[in-house]
Amino acid sequence: MADKLVELKTINKMFSGVSVLKNVDLSVYAGEVLCLVGENGSGKSTLIKIISGVYPYEGGELYLAGKHFAKPTPTQSINEGIQVIYQDFSVFSNLTVAENIAMSSNIQNKKKIVNWRRNHKIASEALKKIDVKMDLEAELASLSVAQKQIVAISRAISQKAKLIIMDEPTTALTRKEIDRLFEIIRGLKAQGIAIIFVSHKLDEVFEICDRIAVIRSGEIVVDLPVEEFPRDKLVYYMIGKDIQEECFACSPSAENPMIRVNNISRRGEFRNVSFSVRPGEILAITGQLGSGRTELALSLFGINPIQSGEIFIQGKKVKIKNQREARKLGIAYLPEDRLSEGLYMNRSLGDNFSSVIISQLKNRFGIIKNAVLESNSNYWIEKLGMTRKRYTTPASDFSGGNQQRIVLGKWLATSPKIFVLNGPTVGVDVKSKSEIHAVIKDLAAQGMAVIIISDDIGEILSTSSKVIVMRDHHIIFEGNTCDISHQELNAQILSSQAN
Amino acid sequence: ENDPFIQDMVIAHLPKTVGGAWFTRMYQGFGQYSGMSGSETFQIGPSTGDAAAHNANVQDLVAQGVDAICVVPYAPEQIDAELGKARAEGTIVISNEGTKLQNIDYDLEAFDNTKFGQGAAELLGEGMGGKGSIIVFVGSLGSTAHMSWANSIVDTIQAKYPDIQVANKDGVFIETGNNAANSYEKAKEALKAYPEATGIFCPSATDTPSIARAIQEAGLTNQITYVAVGLPNAVRTYVKSGDLDVVVCWDPADVGLAMCKLAAAAKSGYEVKTGDDLGVFGFNNVIVEGKVVMGSEWRVLTAAEIDDFNY
Amino acid sequence: MRIIRKIDNKTLQLAVICVVLFTVMAFIRPKFTSSANIYSMMMQIGTSGLFAVCIAIVYLSRGIDLSIISIANLVGIICGVIFRTALNESSSDAEVTGVILLCVLIGIFIGMLCGFINGLLIAELGIFPILVTLATQNIFMGISMIITQGRAETDIPKSLIQFADSSILSIGDFRGIPIILLLFLAIYVSLSVIVHKTPFGFKLQWHGSNSRVSFFNAIDNKRVIYTTYILSGAVAAVGGLIITGRTGSAKADYGGNAVFQALLTCVLAGISPLGGRGKVYNLILSLMALQFLSTGFNMLRISPLIRDSLYGFLLVFSIIMEYLIEKRRVNMLNKKTMLTERMTASRYTRS
Amino acid sequence: MIKRIVLKNEFLSLSMILLFGIIFGIANPTFLSLINILDLLKMCVKPAIFACGVMIVLISGGIDMSFLWIGMFSAYSTSKLFSIVQANGTIVPFAVILLVSMFIGALLGSINSLLVSKFRIPVFIATLSSANIFMGIMFQFVGSEYIFPEQMPQSMIEFSNKLLFSFPSQGGTLVGLHVSVLYAIAALLITHLVMRYTMMGRSVYALGGDASSAERVGFSLIKTNLFVFMMAGLIAGLAGAIAISNIQVANPYDFQGQELTVTAAVIIGGTRVTGGKGSVLGVALGVLLTNLISQNLILVGVPPEYNKFVFGLLIIFATIVQAVQERARKALYRGL
């Protein structure tokens, strides 16, 4: 067997008395790709942060490159050749692309002085490796989520690392970029560099891995080479039971459209977009990065009002000037980035669940009682099948899947007619994902018009009745999901010729 | 032991601010009085000029039951009501620079403010040879004493020296803020704004040296007659270098001691009359107008005399 | 026991500080507990508390309002001008009362107007509150200076002064509870309720927690900002009226330290300038703690120069205490869990 | 390209400086005289040096409320110490005075850093408290009284009289560029170099951008914090000593209450209040702009009672222009 780069022996971790990792044993060997899978909140990111020295551990032993570390710091971990692409990227939005990418290299090489020309060289080389073009002088704040993720990846692979840990590195990437990343991973592997790869996209896992470790509620339950791994049992290992995602039955409804948009445009964002969604229908909008999907969604929600064209809701022409009007018209919007746009992280569950309907919760003296917040919160916990927690628990204490359910719940509380969901299951595990899908389908069944913006073709095909593909700010394809296969849709998204 | 000016009592000194040279020196007068009478004296006050903090201090003093409060108000109008409450509780109140106060036993003034202004105006007028123009500063536009000196100077100049103009014409004096750095900047600005000025008056002891410094830097030492209130130690350098031509002063410790004596008089029930001798330099023959007890002396120091004084 | 668990840590901690300070002072200086002193402390809390309330609400929205004392003084001065022009020696009592009531309304209106201006600049132009209110602090004080040329307005009706000095429930030696304190308590309680129990209050705190999320929640952020600063301006205006009544005068530069004191009070009460955290109702305890300290030090004749530095020590001390307590709590929790974890065997079989 | 330059904050500050320069010059031609411009530069020395430290702390993500007291503490104790030394007959060179003052400043700064890194106290609160503590310690253990020109160390007085390129004015006195302006320029330049070309400086930007990410990429937050506050303290010590020398009087209360005025200048200069952004050039221009306005109101005929009002309006004006420009810049990046 090759060198042991990392060895964890009965590692334990607790957050304020809650056990998150229990007696974890895990080793990583040079030149292998180890996949770490598990549902949301099972402890993957925490495990990674222990290896990278971000969190101290409470019990057990940690060896990096054979050396024992009782209280490793990020610097020590980096010095042992460990690079991490964090789930939240950990990039600096106030700095340029070049500096972000070159920063780790400068630190690792213990540079005292910054050579800006060298920064540029490092950055452009790293970007060239994954075949991406980007303005090196652009500030990260002006980039999209996907571009930030690319920067995070470039930063990690520009290093002379022995182990690169990737915590859900593909959430915001397109298929093309993912393929490119996989090529790089194979190249790194060939150089004897080990990879820990975390993903909720299970086909990716089988595509790239040598070994799979499944973590459930903080314990490693399986740890097997991919050849020996019973593929059909992966989901069972992860959640302890089987789930089946049934295909979406297209049920064309006879009713008039709930929402119809006619030739709407907004300068520089999207143009001549027309579609309609009937009650009970789920429309998927997809397309590559920068195609204008997010902008379209924001316009429907009134954030960037349209400049031309018409919007009809239940046959009545409406002007959506801002979010509040959209809300009044019965439109709900689940934002792209739940960390910075979806949740008040330091506020309680009760606060978050009531954050859109707060004015309706007051009693006749205008007062909001704790009991109301509590019952509202408990209602949605129940309804969305979340783990039971007190309504005073801060939102930051929940894992990704549960956080997404909070965002969903707070909008469902408004009983919307039209729900626009931007990436509803990004970074959500299979179980939560299928549960969220079930919730969405159930909503549609009750007569809601749903618009989903998604990259996940499987998700589109299994949840939606119609799909729209956008490119270069306009619609290039429109069709029923029943009539299109996985490959065909993928080809549409990747098609590069205009019109 | 039947001296009405010597009583054993608890006296609080409440200056505009604590810590500065002027009021630290004033408090030494309280120390002297303590030695004479066995009284307990102490100083409290805000560390920055603030009428609100002053009022809170008066309340605290009344609540702990001192016999007398000797106050130099930061904003006389705004402390008067609070002093009224103190007196209603039986606390003796003596003020300095507070001629307008209603709720006091006595106000002590080192001299008649109008006369002081006249004196300063004459020093200016003579120094300037009866012609030119003057800039008048005040520590703050709200300070009663500064404003009455400044006003008196302007009146006297206009009456006695028709050839002297007041440069800051609108009748609003330039505020130096009782802050050395700020007054230095203000002085530099004023010297440029009124290049014709040949006379300057500054009533704020804190600000006097830095204005002298500004004059020196502008190279106007010989052109400008600078008359100001100050402590000898603080301005000695500039008086010797000629940037500050005349410093007008009195010893704050004397004022402090005299305030204590008035407090004693109020306690013993003795009514202070014109002609009384408080046994303190400058207050040997006081003039009493209503509640205001005025001394009659201030010192006019030039380079020749400055070394005789050390405070 | 349940009640104790419901009270948050900060309240408990502040209560302990208050009790300790009070006891120590009472022990060293028995006069500390005299009715005159208690009365005087209540008076002082009544005035300084209002400005602390202003800062507390803007802090919760992740803002700051440096202009409050300028607003208060401006209100006082405008009322002073009205009194001076509208009233004379021969005005009847009814006339005086009428003008006073009018002034109260005008004063609060001016306070709200000033708050509106702050809100306008912050909400519409997105300028940082600290810059906006620093500028308006100068502007409002500047207007006061222009009106008065630095002088004080002193023609304040006697009846207003008497009102400001009156109290209720006075029994024998005890002077009762000052009207000013009652007024403060009324504002303090209503604002605590508004901030922690009404839809607006929730929106205000959420704005402080993450205004971007509020934006996506279809909450009218601008309206929240306007309301917050208008409220702060209105409370500051009441402060201005009280100061006018208490001192029988109004002047542009009264209370130069008031904002700083208010910041200190809020921070001690655990209301964070970073927004979205802290409880307005804890203010009363931190006001009391600081008042005990300030009055106590005066009684002990401790130099005011050291006194200011002890405030700093108190602040640092209370925060470090909190830090250590929290650290200890987490450590103990973790130890407990470790033990139980060790005792229960792994639930999953390894394959 | 031109659009990017036009929308740069520095360009804007510079245009506003020119705009006000022209307006003031029309109102009173004296404003444009060489003497006045030299004076303006000298007046900017103190705020400009302080601003360097303020900028560093702002970039790291905090607002410093203690720098003026650190500056006063260092400068006052240093001049007091050397005035005693001098009374005993030893003359100390100015460099030594500066070094000692900077050393004391750095020491006090490290106390701030302890509060911030060890006890996780937010910077604003930590420095608000420490400012009080420093003040009390100084008054109690160092002193609270003026140090007069005649007591001041000789070298400080000499420093305050030193002019570069001096020439006689009409009145016959020497005018010229005050030597302290060079010190300010040096401080600005060094700050720029340190912040832009050292990893330590970059770690401050990283910390201000995202503290936990900074830690994860391998910066030591403790070290960075220590650097931020020691640097800020050191600069404050320098600023204090130079300011005291320039007015030849050490009055312990002198700097009080100007924290936010300096901070405002730094923010107007384009430093982001929430951290992560700021440039020395911008800060220098911000200081120049605010001082240009506040130091010349009498000169252009604004009556004293209008001072605060006009100053407030001008801050609003400057920030409104910036806010509008910021929007334009965002729109540019969005490709609109």
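For clarity, chains are labelled A, B, C and D in written order, and residue numbers in each chain start from 1.
Assume a contact is a pair of C-beta atoms (placed from the backbone, for glycine too) under 8 Å apart; a residue touches a chain by one contact, two chains touch by 3 or more.
No experiment lies behind these values; they were computed from the predicted model shown.
Relative to chain C, the chain whose mean Cα position lies farthest away is A.
Contact tally for B-C versus C-D: the pair with more C-beta pairs in contact is C-D.
Averaging Cα coordinates per chain places chain B and chain C 36 Å apart. With centres taken as mean Cα positions, chain D sits 31 Å from chain C. Put simply, the C-alpha centre of chain A and that of chain D have 44 angstrom between them. Residue positions of chain C touching 2 or more other chains: 145, 149-150, 256, 303, 305, 308. The set of chain B residues that touch two or more partner chains comprises 18-19, 47-48, 141, 172, 175.
In chain A, no residue touches two or more other chains.
Chain pairs that touch one another are A-C, A-D, B-C, B-D, C-D. If you check the complex, the residues on chain C that touch chain D are 66, 121, 125-128, 130-132, 134-143, 145-146, 149-150, 256, 263-264, 267, 272-274, 303, 305-313, 315-316, 319-320, 323. Taken together, the chain D residues at the contact with chain A in this complex read 196-202, 205-206, 208-210, 212-220, 272, 275-277, 333-336. By the touch rule above, chain A contacts chain D in their complex via residues 52, 54, 73-75, 78, 84, 86, 90-95, 99, 103-104, 106-108, 111-114, 138-139, 142, 155, 267-268. Within the complex, the chain C residues that touch chain A are 193, 197-199, 202-203, 205-206, 209-210, 212-220, 276-277, 330, 333-334, 336-338, 341, 346-348, 350-351. Partner chain D is touched in their complex by these residues of chain B: 17-21, 24, 47-48, 141, 168, 170, 172-175, 179-182, 184-186, 188-190, 192-193, 195, 206, 209-210, 213, 218-220, 223, 233-238.
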